[in-house]
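Right after this note come the structures.
What follows is chain A paired twice: with chain B in the first complex and chain C in the second.
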Partner chain A sequence: MICATFIGDLQAALPAGLLLLGVGGTLAVALLFAHQTLRVEQDPRVEAIYQVLPHLDCGACGYAGCSSYAKAVLADPTLIGRCSPGGPAVAQRLAAILSVESAGSSHPIRAVVHCNAHTMDKTYYGNYEGIASCIAGNTLTSAQACRFGCLGMGDCVRACRFDAIHMVDGLATVDYQRCTGCGACAKVCPRGIIEMVTFQQSMMMVVACNSKEDGRTTRAMCKAGCIGCGLCAKQSDIFVVSDNLSKIDYSHYRHDEGTDQAMAKCPTKVIIWRGC
Partner chain B sequence: MDRLGTLVMGFLSVVVVNNFVFTKFLGICPYLGVSGRLDTALGMGLAVTFVTTISGIMTWSLDAYLLTPLGLQVTRYICYIIVIAAAVQLVEMYVRRFFPALYELFGIFLPLISTNCVILGLCLWLDVWETDNLLEAAVLSFGTGLGFALAICIMAGIRQQLLLADVPRSLRGAPITLITAGLLALAFMGFGGMIR
Partner chain C sequence: MQDNTSDNLYTKVILNGLWRQNPALRLLIGMCPPLAVTTGVRPALTMGLSVIFVLSCSNLVVSLIRPFLRPHVRIIVFTITIATFVTICDLLLKAYLPAMSEVLGPYVPLIIVNCLIIFRAEACASKSPVLLSVIDALGMGGGFTVALLILASIREVLATGCWAGWQVMPKAFVPWLAMQMPVGAFVTLGLLLGLIAMVSGSKEARHG
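Right, the complex of A and B next:
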């Protein structure tokens, strides 16, 4: 009796079951077909970055999910370290993927601070007691005599997600053991002192000054400034002097006798080694 | 002319007066979850509009040409879910292949919203409203999506301004968001009963 009702119910449900089977089957076939024909080739680096990420889609990075963050971070490496669940480990691995890729060779890109003036080298017109931020300090002439040098209030330190830049006696100093070359510090510096340089060697020669004042003014304000004398340019052609400031053309960078001579002859010893 | 009038009124009705988010409280999860930034909110809103239009048309056709003639309206829920999920997948693949820029805009939202309750809600509501032709179904579906986009964009705009406001400590984060959502819904209640 029960069995008969059960079979009756089953028969009543048969059309619905068949219909669902039909609809589901049709759509499944359509999807399979679409998957075969509409496949898209993706940049393999996006996939590589995505594999490193924790796949939580938590949105802590400010993007909708790990895959969109992977794309964003590939386009803009300063976003490295936004992944809080992954922490420094993921950030380091992302940096490994990206810095090799972005340099286009095995040479890493590292931040270089174009200033070498510690607190005792600088001149101040007054005491700055405003907001402790370079962006605020940069708007006031009284914060520091030199309009070009490091203000030492640490915007770059706060921007760094790798703990790789620190204030040492009022000067931003890069820890090259930790720097990943993401460029976050260079973007945040209101005076544009930090340059991203491709490190062809582990130690690179750097003109550690950004002052475009004439030599006399620079010398009056700072003990460690470039006075634009041009002695270095006479020794080696990698140095280019313009606007009272010597610069190294890193596209022709090399280390030879001429550059050593230039370093030795620099009167204010502003050409120094950076790196580790 | 009369038919055009019905369409326009129906459209306005689902966008403003009978907005799914504000009056039926459907689609609250993305409405609160993705409304942190205006650009992502816009992406979400556009993606939902896109999917509601397509799935509204598809499910209405399925209902009208297959389920009702066969007398199988009981299977609506399951059929609609299957159709919506598959449609979203298909659309995602298609858009990704042929409109990469659009795909970038929608991003991850496209697969996520296959389970958005606005969409299933709309498909079922099309029957409740006794929509009797495809054009009407399409217009109402599009309007619903647009209404959702409107709601989420307003919310995102308010939340961006809220970031600058001095919110009491105990209300920061989720509480103030929920209060905002409530006030916004209250404001939209003002339209209540104007059409249909």
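Right, the complex of A and C next:
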């Protein structure tokens, strides 16, 4: 009985099934024909480049994502090396695909925070209770006395896609095991404290302060600030002091006796090692 | 009053698509392209012609196979028919208008799920003879294209001072960039719909 109903149903379903098969088959043939006649040859290197890229779509290269960067770098090989998460390895493989000399730097780029003031080092004029965002806090003097240092409200932490920067006791601290050098934190910091530095060595010397106040004011506000005394510049010429602030010229960076001396003589111990 | 000569019927069907049941401006169906690709007249025209192509082909095929259609498999038949012609249209654009294909991006493949096309397959082509279905497709697709062109003309002229790339506004005209953003699409569409409701409303009031 059940079997007879089933066969009856099957017979009713047959025309529909045949129609579906017929329509599907005919249209598949039409599509095959269209694909044959209208196919656009794509440069296989676009796909090859895309496969080499890290697929993070972080935008560090200046393009919307890895696929747009792949197209751009094919058109203009001088763009090799823009992929900071991929670093030198990816740059070399891209150069191999495009058969050109690698144009990018062979050293990785990493974020460096030019501040070393933890909560206990800082001075506060008021009690900031506004939006917990550096962009908001930056406009108010109540957030913290120093106008140049890390506000510690974590805009950079939220901008980082790699979980590579954290607030450690009120100070943005880069995790160099994870940093890919995409520069998202540097872009979002309203005080421009974060600099993207080419790490020639695994540990780099850093002046961890951004204060352009005169020495007396800086000393009054912060226990970890650069007072612009210029002792470091006397020891090594990689240090340049201007606007009451010492800076390292990374284009001439090296590590030698002079820089070690500068580090040892710094009265506020603001020259420190960063990296891993 | 009823005139049943075929010429008159076809004119009526065309006018139905262009105005009385204009898909984008009166029925408000398939609203994805009118909002997304009306930043310029050229992409709007390409999109309109693509919709006319897909709609005509799918109406033709659906009308041809309508004696064999079974109610429970009709949707899937419509869908594969539409998807086939959209794929062909996408391939055509990629092959002959690569720059325009880049501009339109995902909106050409999205014609597959544009409800205008399945609506006409269901409401017209699966019940009407071949010629009528194709004429209906031309009317509906034409109405859709006209709507796209009106929106695109307003937005492009206000946003860039150009129409289809030709400078039409005086040099002193300050481009109104918001019109190029999604907000421009919504505002223009809203005002246009209001205007149409006002015109048709007053017409009905006169006749009633």
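Going forward, the second predicted complex is superposed on the first by the 175 of 276 C-alpha atoms of A that agree within 3 Å, B and C clash if a C-alpha of one lies under 4 Å from a C-alpha of the other, contacts with A are read in each partner's own complex, and residues count from 1 in each chain.
Everything below uses one rule, namely that a contact is a pair of C-beta atoms (placed from the backbone, for glycine too) under 8 Å apart; a residue touches a chain by one contact, two chains touch by 3 or more.
Since this is a predicted model, take the numbers as computed values, not measurements.
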Partner chain in contact with A:M203 - chain B first, chain C second, else both or neither: neither
Partner chain(s) touched by A:P15 [first = chain B, second = chain C, both, neither]: both
Partner chain in contact with A:D57 - chain B first, chain C second, else both or neither: first
Chain B versus chain C as contact partner of A:L31, first or second or both or neither: both
Partner chain in contact with A:G65 - chain B first, chain C second, else both or neither: first
Broader residue contact with chain A after superposition on the shared chain, chain B or chain C: B
Chain B versus chain C as contact partner of A:V23, first or second or both or neither: both
Overlapping contact positions on chain A, where the chain C interface meets the chain B interface: 15-16, 19-20, 23-24, 27, 30-31, 34-35, 38-40
Footprint of chain B on chain A - complex, ascending: 15-16, 19-20, 23-24, 27-28, 30-31, 34-35, 38-40, 57, 62, 64-65, 67-68
Chain A - residues contacting chain C, complex: 15-17, 19-20, 23-24, 27, 30-31, 34-35, 38-40
In the complex with chain A, residue positions of chain B that touch it: 34, 37, 40, 62, 66-67, 70, 72, 74-75, 78-79, 82-83, 86, 89-90, 93-94, 96-97, 107-109, 112
Chain C to chain A touching residues, read off their complex: 61, 65, 68-70, 72-73, 76-77, 80-81, 84, 87-88, 91-92, 94-95, 98
